[in-house]
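Structure, as structure tokens:
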Amino acid sequence: MNPSEYDLSIIGSGPAGIAAAITARKYGLRVLVLDEQSKAGGQIFRNIEGMEKNFNSELRKLGNEYQSGLSLVKEFKNCGADYFNDRSVWQIDADLGIHHVSASSNKVSSSINSYAKTKHLLIAVGAMERPMPFKGWTLPGVMACTAVDALYKSSGLVPDEEVILAGCGPLLLLVACRLLDAGVKITALLDTNRRLALLKALPYLPKALRSIGYLTKGMAMLHKIRSAGIQIYSGINGMEALGNSKFEKVRFKLGEHTLEKSSGMLLLHNGVVPNLQITRLLGCEHRWYDLQRYWEPVHDEWGNTSIDRISIAGDCGRISGASISEFNGYVSALDTVYKIGAISRNERNRLSLPYRKELSKHKAVRQLTMALINKPNYSLLQSSLKIDDLIDPRMNTVSSILKHVHKGTIETAYSILNGEYEVIEAEIIDTSELINKELKNANLPDEIRIGAILRGKDIIIPRSNFVFQKDDTVVFLAKSDQIQIVENMFRISAI
Amino acid sequence: MIEKEADVIVIGGGIIGISLAYGLVKQNAKVILIDKETPQLTASRGNFGLVWVQSKGRGMPEYVDWCIEATDRWPKFSETLEAETSINLEYDKSGGLEICLGEEEYNRRVNFINETRKASRTGTYDCDMLQINELQKMLPEIKLGKEVCGGSYCPHDGYVNPLNLVKALHKGFQLNGGIFKYGQFVDKIEFSSQIFSIHTEDYCFNSEKLVIASGLITKKLGEMVGLNVPVGPERGQILITERTKRILPLPAGRIRQNFDGSFLIGGSNEDVGYNLDTTVEVMQQIADRAIKIFPILKDLHLIRSWAALRVLSPDLHPVYIESEKCPGAFAVTSHSGVSLASLHSSYLGEWILQGHHKDKLEVFHPSRFDVP
Amino acid sequence: MFRKLYKNSRTITIYFEGSSIQVEPGQTVAAALLSKGHLCFRNSPISGQPRAPYCMMGVCYECMLEIDGNSSQQACMIQVSEGMDIKIQI
């Protein structure tokens, strides 16, 4: 057997894998790209070439980010990498020999097995929905929200019966709006997080999602959904899907009451997690990332894992979204190009600098944003596993203080880092002493760090000469024991 | 450095250690179990789940009888543990088959069975050869391949879910007052004034009795208390298929079907040191043999494969020893931790605490390896 | 179950449980069958429960069908092709 030998082999042709391939090819590396899907683009750019060819008008509806993926995919197709779709990698030898078969035939008696040797391996297999099992979730008619998204992108299909959306995270609202636009009736929206946590995170969704047409302000989405007569239930738990041979209704608890809602389909979303199959099977070290509550492979800024010559890029290492995944791909590939010897270490650092700058510049906000979007509420698991009491010490800090101060249910604070810090959103009102002050003169205590300012539709990362204005919304990080200071300086906004 | 005391310290939280620890707390001993918790090397996680007699004991008839007694006690052992912990062990004393491909294999098997039957002291060894027709009758829903010419059936045999077993033993251990300290790597063991002091990073554990059941590390730890326990690794690889309708009612020729419908296919014995890689060549061999036995397996998807290291003494049989230099220190190692769990959690506890059964266990002393 | 938001004029013929159906090319078997109102793809081999596609991206393994004689094919990962023979797996 004369196996093909590559400098870099990439598993996954989403934004991270594609970007890496393009970069590696620029420096003349022999590159192999394998994807078990039938088309390039990953999940976010699912069927992008098909869309362009057949449904150009729909393409525009999906927004700028999706469309920008098109040029990326085209560049990838022309970059000279050996690219194979419908390939399932089923074994990687210790010396990085890659065994792959057609994605539709990985049986015990091996069928036609392909084998490739590679010097370096990049895993860019992306993310998947966080599975949150509960009673009845296997009923036909219960599907993941992203499944409905995939059906729309790949086949232009939308549900033609009523749907209920359930879980946690603002992506529920995103999918709700898209379905509404397509004329789908939504019976109800069940949020396992408490009131308004959903809403507050909306302004901070990453650009990629915000640019999908109608995602401008959280309030606008909420308004749209409320005007459509959709009932929103917040803080539900004990969810159960019921039906004879398909989904018919959902039963859930809201406080003391048990409610039931009938509908045609139940769509679930509980955040997104890295797809760890390959890194786990390879024996890479993993760590628990508490901010978003999932396991991720241990990796450095170049994507190197704990195993020599194996790196990761994109959402399979840390959920960050498409554009960040793309940058990860560039950075990781440049590191490989350096390791192969085509560029020097300095050149690697210089060439990757713009991407690494981007990556670190938005890191704080991004991590914040992702935490707000992606942190699950485990109430469903709690009820299905019959856990009597889920004690989250983090819930007992700021929220209770604020409740006391403002005499209402306020969901504007998130405890992070084991309760030591709070992420707080506050509004500059006309009596605030910060108005017209520059950040450098604001005399903010050291324990309070500003993450971002939302002004109108813009997210601003403030510099020292940034001037606060009325109606600015400030997202900041404060040590939990500094909350009194926060209260004095800002009026904590409430809806 | 936190000091902790117990009647018995057990080092090693795998199947052997936890079986021993469980048995000890059931006899009202105060037990602390220590484990370093690096999963890769443990046979407890990678094993096939057989509770088995057939094919064992070559060269040591006492071991055959030991295995028979173990499987005799297994149903009660399983029942008690399940009732105590509410964990379903998925144990089935289904009997077991070994499959022979071709005349030569068949004849070798006939000889082995006869020898073993003759050697068994208790005369309770029950194992019969089956011709192909009789064999197929035992497997009404799954067809045997053309090269199969027969096999042997042993009613002592069965299988269990090894992960649930370890989980249940740990739960039972703690329910009965056992203390489990994991993430503790033993640096050194001292023995003075009849007390063992076991030092880890965070603790010093003190007791009058010490049991070392640390798999491949037993040798190194044993040396600290004057024990010479020769064990070495042997790699085995296992294939797991997708779930399908249950058609194989009992383990056959290193193939068995789980309660959840997936097939486990095993069968390699490799001398590769501490290497845990799965290799295509060996997986191919395992798959080829499996398909010769049950052609229908050809159509099943391979879901997962793994490799694990068996803990083997030079003659493949258990080693049970009490230290002469440091009385009160014991080492226990065996390749068949699952099968012998029923005895490790009963007899061995009595041996460790009261010195019973010495005669029964003598034959497992490692002095049998000494070259005359 | 599902309806089309935008249509492709071209169709191809595939066979599901022996009957021919017209579906648009360029989509997965799972999407094609869902678009024709087929929801339950199989019964769980152990519990007998009815099962249907859930993730549509190849990670849940609920959408398995026998396609062109090959068993346990993930229908959400395979594109429809002219004359494809699709059966429910027992």
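Every chain is named by a letter (A, B and C) in the order it is written, and numbering of its residues begins at 1.
Throughout what follows, a residue touches a chain if its C-beta (ideal position, glycine included) is under 8 Å from a C-beta of that chain, and two chains touch if they have at least 3 such contacts.
Remember, predicted model here, so these are calculated numbers, not experimental data.
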| item | value |
| --- | --- |
| Most distant chain from subunit C, judged by the mean position of its C-alpha atoms | B |
| Innermost chain, taking as reference the mean of every protein Cα atom displayed | A |
| Subunit A-subunit C separation of Cα centroids, rounded to whole Å | 28 |
| Euclidean distance of C-alpha centroids - subunit A vs subunit B, Å | 44 |
| Junction residues of subunit B - those touching two or more other chains | 299-301 |
| Touching residues (chain side subunit A, partner subunit B) in the complex | 90-91, 93-94, 99, 106-110, 281, 283 |
| Subunit C residues touching subunit B - in the complex, by the definition given at the top | 45-46, 61, 71-72, 90 |
| Subunit B residues within the subunit C interface of the complex | 242-246, 259-261, 299-301 |
| Subunit C residues touching subunit A - in the complex, by the definition given at the top | 1-8, 24, 26-28, 31-32, 34-35, 39-40, 44, 49-60, 62, 67, 70, 73-74, 76-79 |
| Touch list for subunit B against partner subunit A, complex | 40, 239, 241, 265, 276-280, 283-284, 287-288, 290-291, 297-302, 304-305 |
